[in-house]
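Below you'll find the structure, written out as structure tokens, and then a few comments.
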């Protein structure tokens, strides 16, 4: 089926391409445009559906194109049971979400933009689950982060939405970087850059000394994305996004990416002590924490959000629980969860949309007004509660098959699962029943059944939970078995059916349901208890995020004040301290000091005199107590240098130095006479000692290095060449001038460019009238100062 | 002034006798064009209406010439033209290899962008006092530095671009510029002087200034000469130019003071010249010394990127934030140099290329944000998402490109450098890379939140601003398109930077192009 | 001779560094001027020293006698002198303008570009 | 400083210095001298004239803005290097011609025009700086 590749490629990019059309489509067709836009994910869904027979027969489909050959990176995909199931969930639920958004965001001025973001996100998520190469996986992983940033912050005028968006970006961004490091670790350890090839190298990986480091880094990515405790806080806050986003992010996408990664890695990294401790532990904690936090909520969306967190915990726990049936249970639960959670979120959105509130305590008796919604909610809740006939039931049975063993660890985790599942049962029915049953409560808006655009999604997803449960044979054959085999890394056969078998799992299921019913009936007391408990605990990691951000900002301000204090003196001091170290430390460290020189006795008296004069000039500048002395002394050392040049055969230099030095002194005098300056250089003794030490160290460093280099034999090749050809080819007797204008004329070209620019820069500096800085305005500059 | 007094002598002992191909002029042409145009602009300084008509076509020509140069180097490998026809190493050679050509080309693009933006951003006074001549000569300095094959000549081009930058720095007519310019000028002058001193030592040791010649002679002198001290001095000088910690003070002290188009040019180009010189000298000339000093470089790199990112987080002023973002990027480049090897060096080069475009775009973006929002400060900015959706899209791209997130161009160098760091087991350097990227993500995410998403503050509602003309939006959109395109299709720049790294690590081809016959020994 | 020159150059650099460590821009400027001279002497010494014979080819000869001074460093220094003079002139005027505009030559008081007590950036979202 | 003495001696001194500067420029290829030093002398001449008669007098006398002269010099310098493209030799190759003017063989070369470019740049640029500084003083 190689001819499928172009089509698959198209399907992978279809959401992105459609996203670009979304604003125009909405502008043209209004909210009805979503019918057209939904075609994109639908087509992709249908395309992926055609792979089902192949995949269920145990094959894998791969394909790809060259992308960055120089990094040995191809745009290649890899479809097995795991990625295909995900692809189907993403595109299938995605189709419904696009439709639902059409209704939910009807009349919103930025609906086009919203659909654009949703489709971008869908494309990112789809790419993530089919990626074969590591880097491509990472690219898509980060793409989901930045597109979800846009989605969560969609209602950007509210501060809470902005905060949540940033929170999600930072937390998942942190995870993304951790993932990147982990993937590169895997790459370095195995030499493999593709997920599909990882399976062949499992033993080297598990035995590598870097296994634990790589595992922790990868878990950092998976746990942040999948909102495992203690990184869970961004997920409920992401509820700031419009409901279609929540429904999508929480059912099949974003948060499942972490679980997907763990499932993908299970065959190669699983079955090690670290894996089997870390995953169940964090998963279990997340499960319990999520359900407990869910109980306290009254907002429909938040109740669901925390149960999502709990479900993710359960999935992570199962993925790391290396017993028979664990993988099967995880797979079944994942599929069931995607369906019922998507449906329930859409129901919550519908209720909110129609009734104007989603506070469960302010809702009731809507069953007559919204019958279809109620039906969908009920079906979804039955699946979530794990009652027979539904997919959720199969999952729960399989979970207890996996967990219920005799050893202590199993007993603990079984208890965790019972508590978690029981609480989730209670919340499922709280969401599905409370708003609909009981006496009618007055709501801000008078509720009606929503438009078809909005109820198609929940109804379909909820029904699928039932269909999947009843026709479990078909579901297992095409979905569960291939996926479980992919996750386990070996053929697995899922056989559980909806007809209850007497045994331990069924008993545990009954206990769970009984516990759930109990909690449901006492929900208000349970909520009060949790509120009290959480108040006692105080702030959680969510507040912690604020503290971290503001703390980081304060820290950065403090650090920046130290490293960038705004005082030139400090800047120069640091520079010269470094210079001294630079010159002296390597000299000593690497033995690059000069040989002991002999006493220079070959100098004539007048040469000594002029050198002495230069030194005297220098000291006079240092000690100068008034401007005139300083200027004159500067002139003395400058003229001494000119004479030195003359004495050592550099007439041109001496000439120029003389001229330049005169000019310098003249303009210095010209300018300095206009300044009223403090004449003396006041430095307190400690400062003086410190500055002097730095200066001497720098001077010493330059001296030693120069002595060392001049003690080496010198290569006069260049000079000989110039001396030989200066006259005969370049027609000049003054070799220095010939070098300047011919041999090295390009230097001179640069030099005169410098001179010219200096002229202009000085002119600008003198002429341009300056204003006070107006840092907070950007008014067009009106300064005028040209008089020439 | 006398004609030759002796019989005809053997020219071939002194001069290149092979005919000069027109294509060889490509290595000189960018610099020659910029100097000539700078001179012409200076002569017509008071005819302001002519400036744009001379400068913009000139910059277009520069981009075309640089493009042809890059194409030729990519196809045929390095090539050399020695000025004055003198045999190397006696004349000044201009040698284009992939590193120089890539940087020259990218710089040309941002110079064109800045030139166009400057048509509106720079007022009549600024133009009269030389915005365009300064820009031309800045580019002469930049391209000259990238393409020269002579280390003293490199110093000269450093000075050309430095003095041009002084001129540009004071054009904005604000008093704080004098303060910024003073710190900038003094510290940069120290930096270039240290470079000149190091060049003096190089001459004292090797007796030559041609870089290919030095590359040949370093192995002969390695046992006797104080090359490690010299290398440390070079590193200090170039670290100052590149604004690596702890000698990066001048950058945050000055980059926010001039007109924003000038900041954009500086942010894109100036530090990269320092980076270029560091790569050229430390990787090509002193490879073993780089190896020996790699820990030093790595520590500086780690501190630079983390402190740069923290510095960015600490700012309210968008331009100052951008300045620290530049520094954080330099940390990444230096990390690549410290790690060395094919992967590390190519990552460093790729990051430098990305940073040239991204930092220029970041400053231009800040300029537009301030123009529309009426402020540079995050305290008062707001509502840009509604007011300027197009700008918001640009901001989204530029921010995430800067933070190194896909699908924008910042991702790839980050991955390559991280891979290189993990390859050699430098986990702390990798951690610094990731921490820096995370802080930058937080910083830029916050800017997006506050300046773009946050509703406009009631106090800040002012007069509606005129919509951006193409002079302003064109360059920004162009640079953003580059960031997106090379983010999605990075193969070409990655391949070229790998080629550049290969040429540096094994400079045979470079030396060969300067001394085709093995040289005048 | 090179040894003595190395010492002399050390004194030049030390003086320049000391002056540049000052708070006052004018002294920094003096330091820069001296730094330039130090660098020139360093380049001069780097090409090794010869006494008195300038590198000018006599009228009756085609090549320079080998006893003459090394012309290359001289040419380099000429370039460097011109450049350092240009920078000196620019910095001098800049200092002057700095004094005019900021009212001080004390760099500690030049805090316009990086003000002393800046408020924290906004901590909210 | 507008003393009578200065006003009297300034014109001849200026003229003398300008002539001398050209002399220094032209002999530079064979004797100490050259474009840079020549340009400095010429710029000093302008500065002295400016001190004596005021900056506007100098500006009037030289007709072009000093920076335009500097630009012209740089252009001459750059073109002296670039012109070798037409001779098929590399950048900055010295090209010599010996045209006969009134029976005298005059050597002309791109290296000489290059040095003249240097002269003009220095004259214009340093002159501009000097004049600008003097102008401030008379404010």
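First chain written, first letter: the chains are A, B, C and D, and each begins at residue 1.
Keep in mind that, in the parts below, a residue touches a chain if its C-beta (ideal position, glycine included) is under 8 Å from a C-beta of that chain, and two chains touch if they have at least 3 such contacts.
The model shown is predicted, which means the values in this text are computed figures rather than measured ones.
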Higher-contact pair (C-beta pairs counted), B-D versus A-D:
A-D
Taking the mean of all protein CA atoms as the centre, name the chain whose own CA mean is closest to it.
B
With chain centres defined as C-alpha means, what is the inter-centre distance between chain B and chain D in Å?
35
Can you work out the whole-Å distance between the CA centroids of chain A and chain D?
61
For chain A and chain C, let me know how many angstrom lie between their CA-based centres, rounded off.
46
Counting only Cα atoms for the centres, state how far chain A is from chain B in Å.
27
For chain C, residue numbers touching 2 or more other chains are 20, 28, 42, 45-47, 54, 56, 62, 72, 76, 78-79, 82-83, 86-87, 89-90, 93-95, 97, 101, 107, 110-114, 121, 124-125
Shared-contact residues (touching 2 or more other chains) in chain B
1, 3, 5-6, 35, 38-39, 42, 83-84, 92, 94, 133, 152, 156, 159, 163, 166, 170, 175-178, 182-183, 186, 190, 197, 201, 204, 252-253, 257, 313-315, 446, 449, 454
Return the residues of chain D touching two or more other chains; collapse runs of consecutive numbers into ranges.
29-32, 36, 65, 67, 70-71, 73-74, 77-78, 81, 91-92, 94, 107, 122, 125, 129, 133
Can you name the residues of chain C that touch chain D in the complex?
54, 56, 78, 82, 86, 89, 93
List the residues on chain C that touch chain B in their complex, please.
20, 25, 28, 32, 35-36, 39, 42-43, 45-47, 62, 72-73, 76, 79-80, 83, 86-87, 90-91, 94-95, 97-98, 101-102, 107, 110-114, 118-119, 121-122, 124-125
Hey, which residues of chain B end up touching chain C in the complex?
5-6, 152, 156, 159, 163, 166, 170, 175-183, 185-186, 189-190, 193, 196-197, 200-201, 203-204, 252-254, 256-257, 313-316, 378-379, 446, 449-450, 454
What part of chain C is in contact with chain A in the complex they form?
1-15, 17-24, 26-30, 33-34, 37-38, 40-42, 44-59, 61-64, 66, 68-72, 74-79, 81-83, 85-90, 92-97, 99, 101, 105, 107-108, 110-116, 120-121, 123-125
Looking at the complex, which residues from chain B come into contact with chain D?
1, 3, 16, 19-20, 22, 24-25, 28, 32, 35-36, 38-43, 45-46, 81-85, 92, 94, 133
